[in-house]
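Across the two complexes that follow, chain A remains constant while its partner is chain B and subsequently chain C.
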Partner chain A sequence: MDLSFLLAGAGASMTSFFAPTFLFLFLPASLILYAAVPKKAKKYVLLGESYLFFWFISGALLLYLVLSTAAIYGFGIWLEKIQERMKTALKALPKEERKAAKPAYIHEQRCVVTLAVILHIGLLLVIKYSGFLIENVNGILSFLNSPILLGTPRYLMPIGISFFSLQAVSYVVDVYHGLIKADRNFFRLALFMSFFPQIVEGPIVRYSQTAEALWNVQPIRYQNLTMGLQRVVYGMMKKVVVADRLNPLVQAVFDQTHQYDGGIIALGAIAYTVQLYMDFSGAMDAVVGVAQIFGITMPENFRRPFFSKTISEFWMRWHISLGSWFKDYIFYPITASKRMKNLTSSARKKIGNHFGPLIAGSMALFCVWFCNGLWHGAAWSFIFFGMYHFVLILLGNMIGPAVKKVNGKLHLRAESRGYRYMQIVRTAILVVIGELFFRAVSVQSGFNLCGRMFTTFSFTGLSFDTMSKLGIDVQDLIIVGITLVFVFIVSLLNEKGISVREKIAAWPIVWRWVLLYALILYIVIFGAYGFGYIPVDPMYAQF
Partner chain B sequence: MDRLIEILEDIQPDVDYENCTNLIDGHFLSSLDIISLIAELEDEYDITVPAVEIVPANFNSVEAMRKMIERLQEEF
Partner chain C sequence: MKKKVNDTLKALVFVLILILLLTGVSYLMMPRDNTEQQWKHDVSANAFRAEPEDTLDVLFFGDSEVYTNIMPLRIWSAEGITSYCVSSSKQNLWYTFQLMLDALQTQSPKIIFLEANAIFRYFTMDNFLLHGSELFFPVLKYHDRWKTISFSDLTAQTQYTYIHNEKGYHFSKDIDPADTTHYGAPTKKMKQVSMVNRLYVQAIKSLCDRYHVRLVLLSTPSTKSWNMSKHNSAESMAKALGVEYLDLNLLQEEVPIDWSHDTRDKGDHLNIYGANKVSVYLAHYLRDTGLFADHREDPAYSVWNKAVEAFVKKHAAARTFDWS
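And then the complex of A and B:
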C-alpha cells in the first residue's frame, strides 16, 4: 500500500471519507487510540487527531486554522471584557442616563466584531477571490487597450477554509450578541473549530451546537458505533454506487464540446443534480455517522430537499447549515438595521403591506444570494447560480398573493395531493436548471446548454447506444435506478415521520448485522471504483 | 383593543392572534410580515429589536411578543 499520504499535505485523498486511506487506516486508528486512552485524555487525543488529519490534507497550511482559532479566542475575550465594563459602568448610572451611555460600548464592541470579520472574510476574499477579481480587471483593461495588465496572485488555499471561516465569524458574532460566553479554554475552542469529520465539507456548526459536547467526550458505545457505521455505509452507498457511477455521463455532457441534443442535455442535468445530492448528502451521512461513533450529535445538513414545494423551502432543506448561516448573519442583520426598518415603515404606508416590506427584504435577499453564489467559487457561473435563485425566490414572494387569488377563483386547493405533486415537480425542474448553470464550465456554456435543452428536446436521442457512448450502459442505469428507489423509500418514510434508523435499531441483532453486511456487499459489488472509473473527489470540498 | 394586536391585524388580518401559539411555525406570519412588524414595534414601544431576537420563539404568540417587548424595554 502506498503510504505517501502520511506526508504533510500529501493526504489529499483523505478528503473523501470513503477513500481507503481514511476508512481503513485513519478512522480505525483514531477510534482505537481514542478508546484506549483514559477519559481525561480523550478530548486532547481528539484534538490531536483533528489537527493531524488537517496536517495530512493541508500540510503547513494548518497554520491558517491555528491562527484563525487564536484570533477568535482573543476577539471573544476582548468582547466579553468590554461587555463586563459596560455592565459595571451602566449599573453605576441612574436608569435614565443608561440609554445614552450604552451606544459608546456597543460601538466599541462593533469595532471588535468588524475587525474579526475583516480578518476572516477579508482573508478568504484575498485567498479565494483575488485571482478572479484581477482576471476581470485585466479583461476590462484589455478591452480599453491598456498596455498595463495586473499580475495574478496565486495563494495556497487550505481545504475547508470556506467552512471554518464562517464558523469563526459566527463564534465572534454570537459572543457579541451575548448568545454564548467567550471560551477561556483555547483547546475547547480549537476542537470546535477543527473536529476532523466536519472540517472538509461541513456542516457549518455553531459553537452552541457542538463545542460542549465535543469537550465532554464520551466513551465509544456499542449502539453509537453500530448506528454510526450504518449511517457511514448508507452515505457510502449514495456516493460510490450512485454519484460516482453517474460521473462519466455528467462529464461527457458538460465538459465536452460536442453539441448533444436536448434530451441528452436534460438527462445530463438531472444526472448532475442527482450526483451532487448523492455526493454531498452521502458525505454528510458519513460526517453524522463518524461523529455519532464519538458520541457527538451533528446537526443535519439535508432534510429530503426534493420533497420541497417551493424554491425557498428547497433551500431550507438543502445545505441547511449554510442557508441558516446566511439567514442569521446576513439577512436578519440587514433587514433589522435602522435604515431598512425606516424604509420598511415608510414603504408600507405608501405601497401597502405586501410590497412595503418586500423592498428591504429583497435587498437583504440579494446580498444573501450574491454571497451564496460567490461562496461556492470564484466564477461568474456561481454568481449567476446565486442570482438565479434570488430571482426565483423574489418572484415567489411577489406573486404569492396573486397566485392565491387565482387558485381561489379556479377552485384549486393548495393542500390537495395533485397540487402538491405539481409544486414538487415544478420545484425539482427549477432546481435542475439551476444546477445546469452551476455545473456548466461558464455562464455562456450554461445558456448554450439550457437553450439546446429546450429547443432541441427529443426522446429519440436517448437510446442505449448513445448512452454507452456517453460512458454509461444499461447495467449502470439499472444499478443507479435500484439504489435511487431504495434511497427514495427511506426518504419517503422519514418524510412521513417514520424514523427508519429507529425501526432498524429495534430489529434483532442478527438482522441488523445482516443489513449492514448486505449494504457493504452491495457497495463492494456495485460501487463504481477500480478499472474504468476515475476516483471522484468530494464535490463540496472544492468550495 | 390591545395595541399590539391592532398592529398585527394591520399587518396581517384574519388571524386569531389571541389564541394562536404557532404564528411563525404555522406560517400565519411570513418573513415579510416579521420585517414590517419589527419596524412597527420599534416605533410603538421605543425599543430596538436586534437581529438576534428574530427567532420563532419570540414571535410565535402575542404572549411571547409581549415578553420580548418588556425584556427589551427593561434592558439598559
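And then the complex of A and C:
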C-alpha cells in the first residue's frame, strides 16, 4: 500500500499562494477546519495546519523548522535564566560592587546569543553558501594549476530557511536585549515561527509583532474574510496578469543576452523590475490577506517603493521587513559598539560633523549591504547588487550637503514638484539598473547588458518578429499597461493617505460586488496561465 | 445568530453569481471553429471535431507516440476501418480525458486505444485542479482567446470546419537509427504510476463503459519511451481494470521494426516506414475483433479513399510500400 509517503513535498507548487492547490484546496480546507473547532483549539489547529503546509512543500525538511524552533526555545529560556541570576546576584551585592559584577553575566549572555546566531546563520551559510564558496576556492586552485579540487557538497534546503532563520535570530537577540520575555510556551513560539502564510516569502516578523495575536486567535469574521479575500484577489491580479505575463520577455532578454540591442535590453530590465515588484508585492498582498482572514494583522512589506526620491528611501519602502532586520540586528549593533563610537567621536573632531559619523556608518552600511546581497543568493551578481546599493547610498550621504549648495546656487527648490519628479525618475532608473545586475546570470553578463543598454540604445530592432521571439505581443503589453495604470492609481491614492480599501468598504454592497466580480473576471480572462504558459514560481521563495 | 445567517447567505449568493458569470463568459470565449486561428493548440488532434458524426470506428489517444507511430489512413487502406489519432505532444491524462469526453459526444467508436506512455506522465495537483475546473468553466482553458476574438465571434454558432487530411498522423520520412542495446532488457520492476494518474485511468475506463466502448491499453514500438518496467506496470493496471493490454514492443515478429531504418529520431518515434508496419498490424488486429465493417466500398466513406490518394500523391515516401 503506497501512500506516496503521505504527500510529503508533493505540494511544492503551494509555495505560490495563487496556485490552485493552495487557493482552492489547502486554504479552504484550513479555514473550514479552523472555523469548525472550538475557540480553545483554534491555535493548535493553526499550528498543525502550518506544519502540514510546510510538510507539503518541503517534506522531511520540516525537521529544520522544528529544530530551529526547539533551539531558540532553549536559548530564550537559557538567556532569561542568566538574566534572572544576574538580577538576584546584583540585588544581593552592595551598589558599588554591582557594576563590576555585571560584565560577567553580560558576557555569559553574549556567549549564548553568539551560539544561537552561529547555529542559525552558520547553518544557513553551510546549506546555502558552501557550494558557492567551494566553487570559488576551486576557481583559485585551478588558476594556480592545483591538481586538487574540492568536492561541492549538495544540501537539501528547506523553502523559507532564509526567512525563518532571521526570525529565529531576532527572537533570541530580542530576549537578550530584554525587549521581550522568553516564551515558555513551545507551541506559541512554534506558531510564531511557522505561521503558514508567511513561511515562504515573509515578511520577516518580530516576536512582538505577531506571536501574541497568533496565540489569541479569533473566530473567522465575515468582515475579515471579505477584506482578506479582496486583498488576495488584488495580489493575484498583480502576479497572474502582470508578473507572469512579463516572464517570457524577461527570460528572453536575460537568457539570450547577445541577441538584442540596447533599447530592448532596457525594456527587459524595466520589465524585470516590474515583474519582481508585482510578483513579490502580489505575494505579500496574499500573505496579508490570508492572515487577515485569520484575524492577524501582518506588517506591510512594501510601501509604494516607486514613489521614492532616493535609494535609501526606496529600501525603506521595499522589502521593509528585511531592511529593518538588517538595520536592527547589523547596522545598529555595529554603529553602537564601543569601538565605532570612539571612531566616530575622533573622526568628528578631525573631519567635521557631516563626514565624521559617516566613517562608522559606512562600515556598518557596508556590512548591511554585503549581507543583503548575499542573503538573496550565493552568487557574485547578488554581492555586486548589494555593493551597488552600498555605493549609491554612501554617495547620497556624502554628497548631500554639496547637492544642497548647488541647488541653492541654481535656485532649485527641492520641495518643488518638478524636482521631486526628477528625483523619483532618477531613483527608478537606478533601481532598474540594480535589478538588471540582480537578474543577470553573472556579473560579467550584467556589465555586458548594461554596457549595451547605453551604447546601442535604439528601438530600431523592435518589430513584430522580435516581439514574437520575446514571447510577447502588443495585446500583452496593452493588458500589462492597463493593469499597471490601475495599480498606480491605487498606489497614488494610498500615497496621498486615502485608504482605497476603506473607501470601497463604505460603498453599497452592489458596487462592491461589481468591482470584485470585475476583478476576478479580469484575472480569469487576462491572466497568464493554462495552455501556452509555464507557471512561474514565486520569485522570492528561491531566496 | 441572525447576522451569521445573513453573512452566510450573502457569501452563497456571491458564489452563485460568480458561477453564473463564469458560465456566461465561458460560453462567450469558447472557440466557434476548430481552425488554427480559433483553436490555437493541438489543431490536428482537435480536427476530429469536424469529422461527420458517428463515422470514426476507432480512436487513438495518447502522446506523440500515437501521432508518429499510427497512420489511420493506412489502417483504412488495409481494412476499411476508420480511425483517428486524437493525440498531442506530451499528452497528460487530464487532457486525454477532456478530449475523450468531447469525442464521445459526436462519435461512437467501438474501440478506444490509450497509449500507455501517458499513464506514466506525472502532472501536478495544480494541473489536476485547473484542468478539472476547465470541464465546468471552459473560459479557464480558452481565456487567451481574448487576443483574437471579434464581436461576431461572440454571437456566432459553433461550426467545426477544419478536417485534418491525415487524421491526426504527423508525417516524417527522416531516418535516424536507434541504439537497441538496452531495448526490452528484462526486469521485474514496475514503473510507478501516481495516484492521480490511477484515478484518471479509472475515470477513462468508466467513461468508456458508459459509452459502451472497449478500452485497450496500447504500447507502440519505441526504444526510448518504452521499457519492461513500464510494460509490467501497464500490464498490471490493465489486469486490474479488466482491459486488454497490447504491447507491440513484444510482438517483434508481427511488427518487425527495423531500428536502423524505421525510426525518425534514434528510436523514440517511428517514421512513415515504421508507422506503416504498426498500422498494418493494428488494421489486422481490428479486423480480427469482428467488430467492424469494411467501409472501403461504401460511397458515404469515399472521402477516406480520396484522403489516401492525396496523401500518397503528396509524400513520395508513402509510395515506397504497398497500400492495399
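Following the convention adopted for this analysis, the second predicted complex is superposed on the first by the 532 of 543 C-alpha atoms of A that agree within 3 Å, B and C clash if a C-alpha of one lies under 4 Å from a C-alpha of the other, contacts with A are read in each partner's own complex, and residues count from 1 in each chain.
In this section, contacts are C-beta pairs under 8 Å (C-beta built on N, C-alpha and C of every residue); 3 or more make two chains touch, one makes a residue touch a chain.
What you see is a predicted model, and the numbers here were worked out from it, not measured in a lab.
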Which superposed partner A:294 touches (first chain B, second chain C, both, neither): neither
Which of chain B and chain C A:357 touches, first, second, both or neither: first
First, second, both or neither for A:529, with chain B first and chain C second: second
Touching partner for A:75 - first (chain B), second (chain C), both, neither: neither
First, second, both or neither for A:384, with chain B first and chain C second: neither
Chain B versus chain C as contact partner of A:397, first or second or both or neither: first
Contacts of A:98 with chain B and chain C, given as first, second, both or neither: first
Partner chain in contact with A:335 - chain B first, chain C second, else both or neither: first
Chain B residues touching chain A - in the complex, by the definition given at the top: 10-12, 31-33, 35-36, 38-40, 42-43, 49-52, 54, 76
Chain C partner contacts - residues on chain A that touch it in the complex: 2, 4, 10-11, 13, 19-21, 24-25, 222, 225, 473, 475, 509, 513, 517, 520-521, 524-527, 529-532, 535
Contact footprint of chain B on chain A as seen in their complex: 90, 95, 98-99, 102, 177-179, 328, 332-333, 335-336, 340-342, 344-345, 348, 353-354, 356-358, 360-361, 397
In the complex with chain A, residue positions of chain C that touch it: 3, 7, 10-11, 14, 17-18, 21-22, 25, 29, 40-41, 124-126, 129-130, 133-134, 139-141, 143-144, 146-147, 192, 194-195
